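Since the structure comes first, as structure tokens, the remarks are kept for the end.
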Amino acid sequence: MSKIELKEMSERLSRVDKYTKKRTPWECVKLSRNINRPGVEDYIKLICDDFMPLCGDRLYGEDKAMLGGIGLIDGRAVTIIGNRKGSNLKENIDVNYGMSHPEGYRKALRLAKQAERFNRPIISFIDTPGAYPGLGSEERGIGEAIATNLKEFSTLSVPIISFIIGEGGSGGALGIGVSDKLYLLENAVYSVITPEGFASILMHDPSKAEEAANIMKMTAQDLLEMEIIHGIIKEDKDGAHVNPEFSASEIKKTINKDLNILTKKKPDSLVRYRLKKIRSIGASKEQESYSEPLLKVLQKIY
Amino acid sequence: MSKIELKEMSERLSRVDKYTKKRTPWECVKLSRNINRPGVEDYIKLICDDFMPLCGDRLYGEDKAMLGGIGLIDGRAVTIIGNRKGSNLKENIDVNYGMSHPEGYRKALRLAKQAERFNRPIISFIDTPGAYPGLGSEERGIGEAIATNLKEFSTLSVPIISFIIGEGGSGGALGIGVSDKLYLLENAVYSVITPEGFASILMHDPSKAEEAANIMKMTAQDLLEMEIIHGIIKEDKDGAHVNPEFSASEIKKTINKDLNILTKKKPDSLVRYRLKKIRSIGASKEQESYSEPLLKVLQKIY
Amino acid sequence: MEKLVQCPICHQEINANVLSNNLEVCPNCNYHFHFKVRERIVNICDENSFVEIDEHLVSLNPLEIEGYEEKLKKHKDKSNLNDAVVTGSATLNGEKIYLCVMAFDFMGGSMGALVGEKITKIMIEGAINNIPVIIFCASGGARMQEGIFSLMQMAKTSSAVALMNKTKVPLFIVLTHPTTGGVTASFASLGDVILSEPGALIGFAGPRVIQGTIGQKLPEGFQRAEFQRDHGFVDAVVNRKDMKETLSYLIKTHKVKNNE
Amino acid sequence: MEKLVQCPICHQEINANVLSNNLEVCPNCNYHFHFKVRERIVNICDENSFVEIDEHLVSLNPLEIEGYEEKLKKHKDKSNLNDAVVTGSATLNGEKIYLCVMAFDFMGGSMGALVGEKITKIMIEGAINNIPVIIFCASGGARMQEGIFSLMQMAKTSSAVALMNKTKVPLFIVLTHPTTGGVTASFASLGDVILSEPGALIGFAGPRVIQGTIGQKLPEGFQRAEFQRDHGFVDAVVNRKDMKETLSYLIKTHKVKNNE
């Protein structure tokens, strides 16, 4: 090992020391919901040379809970979508605590299709407890809106990179989370239901949320081990809110590294790889033998 | 001339005698609005072997003013869309007097796209004073909805045949009227604005509607002469409401005749022809020389 | 002795045999009772035409949740099904179809990795073999015991619809009572035509969750099939007795002769 | 002697030169006054880069409506324009563009066959030559003197957008006060990005027509640019002084290097 290598390694180790801390799942849940935790707008400011927000779904409304627009990252044009949660009570209310209505998902889809046509990669920042479970949301088809996004994002011909920066809550998170590369921040969580909901429904006791969190495998480390995500974005050891610049720089590095590879792929191979990955999740050994028909249809279509 | 030919000709002449009557434009306007005039549902009953209505735009609502569904005409599956006006006051109110909201146009588009994918020709029956000029209609983007239909219908890869069976009112009519073949019933009208509106705006006197109708060239005969429409569907000499079966049978014959030709065309040549026709309307001699770029782009794209 | 069943809507007492002969529909008020998977298959498919696929597959316990395997076993014994969906091929009025029927009586019709995989596989087989796919939905949503794997089935099934959409093979969805949660937010909302049985509850969030959010009672008929039709998400509400003929008409009119 | 203009919103009296130097925007309340076509072109295009196309074409009188030709002549003399749109090519911060600017002061910016044809031609040229198209809209709707020919321009311009949509050439729409009627229900609503000047009235039906339909006063701000943004139809409301740089950013970020 050369001197330079040694120096690099010791730097890396001290860095790990400074930037990682083993937390319990419940501590992650709480940290992921911290009101001071950096949101999509913070990261855009830290990552982009320039950014222009674009509004509206062209159908019904502009959902403030869903940010969307075009940014430049080191001179490369990308479309960015992300859940806005707000960083104080007034903002929280203004953006409905990060819970989108159908128009938010339809706006995200409109911008994603625009990105596809003009060959811009898509970056999504996920941070939501879930889609909004209210009257208007149901009346205007929140189920249909999320479903359509899952369908359409799965075959978009441009690279999609998703970062779960805080709470990744259920279908509401997945609605902008179908991607080629999925990362969790170190203290972010991603789950099919909140630990409170899990405790309430399966353990018949909402106060057992901490216990639920322990068995739900919702942390970055768990999800990496289960091969649901592609990597973990480091945070300051006291959380991303203490040093947003550090996480932002890790995110930016990841985006640049991934896009340098993904933008070189042909659209059909990009989509084929994405579809295979989606298909493989949760399939048992026995079921895996059934991936053959998928390959057939992919070859037929792409 | 053979005996058979002579007989046919005399039959045709007596038929014309029975089924045509020269009317003033204003008489046509009044007849086109007659509450007993057959509507889209009447013609569907008389033309189709079977019909299944399909509801909804998958976004916001089901607009009763816009009927849509799948029919069988002599065993051939077609998608049918059309304005419902109702045949009594209760029905009139229920279907908003044939004036659609954005969801009606978006439903028509959804069904048209479905028709395109499953290779069904599209038949539209137009009978509306216009799109609904109200708060909700504007809030939900009636302009966007019509515009999108004009754009999308212009390049659908299946045959589209439109019949203006009563009132063809402005953008609201055109929103389901971009087609390969356009017909007016003998006493139907088609115009950019009602004669009342024309009189009020350009003649500063709404009572001059009859005079306006005379100069607006909105009758079937005028539109045929100006090459806006492809033909005139005959009615009983006292109007279609006296003998709906007769007009229905004329419509059915026209559909079968046209579809026998149009369904044999390749999609690209179908669309190219439709686009050329749309482009040519209203272009002066001098302007016509500019159709060359159109051909270029068509060859590039189709 | 006659077994009597009380209709929850009109409260009439109905002879169980009468109900059964009427496809489990109240002859008095048209209330559609729960229809078991095997009854549904008989009702929709031509006689003896149904051939089940993947009938031997069973769910795993990917998160190693305590008690999940026992629960699966209990529901298996109770319902005589391996999991919450039965899939297979059949004919309907002589036309080849692929059919999926979800079982609400198996763990609330919840979608885990197995349900997602079986439905996905059918859709892809349909796309490859040019055979229409019909899915009868009934589900409370994601299977929480399978955590994130369950959530991912929404993406998986929806991506299969994306593939179907690139072919000319139709997907017909029939929503039955109840269809909520992750199933509503995936393939169930993505049919080329979406039918529903009368009165079926259809939504993403369940009524109790929504009531909790808004703090007031929900309007009468909220999220029911007729409500969803009037709000643009259901093509037609179809009585059980007319379902086979309706599907037959749709299959016939969605047939593309020259499959390009 | 100073010429003074009163702002219709804040009622402040503004020196006409000050107003002109401020791009006809009230320095006090940001009210955007009418901006003439030639001023707009100077504001958006790089110096001396604009080359007009079809400047000699004039409208016909297809329905032979009495008085139409005189009206055209009157507006021509008054506005020094041949009709309600000026089209041409230019550069914007060095990037090639095609530009259409509608003139509300020419017969209310109404769209007859000539306006429709000129705009259509520009879009098709853009699609062929891979040059972004920018359209500044201002229109009261269809030109009624041209009857059905005027209506058909909605289809014609929209079909040109359909062609553009099959390429990777962007269409940028800028809505200015007022944009209503047939223009709103065609190309003006079909931009890949749709911008608006602050306060612009944008709608299909005009406010008076709607008021007549519903029989009550319209809500404050109804159909204004900010309303349309909040209802999902405008991407961004952009001040006149920022318009050129905003368009420049959009051109840059919509550039596809390998035009497939």
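Per-chain residue numbering starts at 1, and chain names A, B, C and D are given in the order in which the chains are listed.
Basically, a contact is a pair of C-beta atoms (placed from the backbone, for glycine too) under 8 Å apart; a residue touches a chain by one contact, two chains touch by 3 or more.
Worth saying up front: this structure is predicted, and the values here are computed from it rather than measured.
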With chain centres defined as mean CA positions, report which chain is farthest from chain D.
C
State the pair with the higher C-beta contact count; candidates are A-C and B-C.
A-C
So the centre of each chain is just the mean of its C-alpha atoms; given that, what is the distance between chain A and chain B in Å?
47
Roughly how many whole angstrom separate the Cα centroids of chain A and chain C?
30
Go ahead and note the Å separation of the Cα centroids belonging to chain C and chain D.
50
State, to the nearest whole Å, the distance from the C-alpha centre of chain B to the C-alpha centre of chain C.
39
Residue ranges of chain B touching at least 2 other chains are 58-60, 140-141, 144
At which residue positions does chain C touch at least two other chains?
165, 231-233
According to the definition of touch, which chains form touching pairs?
A-B, A-C, A-D, B-C, B-D
Per the contact definition, I'd like the list of chain D residues that touch chain A in the complex.
165, 168, 170, 192-193, 229-236, 246, 249-250, 252-258
Using the touch rule from the top, collect the residues of chain A that touch chain B in their complex.
58-60, 102, 106, 140-141, 144
In the complex with chain D, residue positions of chain A that touch it
50, 52-62, 70, 72, 77, 103, 107, 114, 117-120
Spell out the part of chain D that touches chain B in their complex, as residue ranges.
57, 60, 62-63, 65-66, 112-114, 116-117, 120-121, 124-125, 127-128, 142, 144-156, 158-159, 161-163, 165-167, 181-182, 184-190, 203-205, 209-210, 213-214, 218-219, 222-223, 231-233
Chain C partner, complex, touching residues on chain A are 131-135, 137-144, 146-148, 150-152, 154-155, 170-171, 174-175, 178, 190-193, 198, 201-202, 215-218, 223, 226, 228, 275, 278-279, 281-284, 286-287, 290, 293-294, 296-298, 300-301
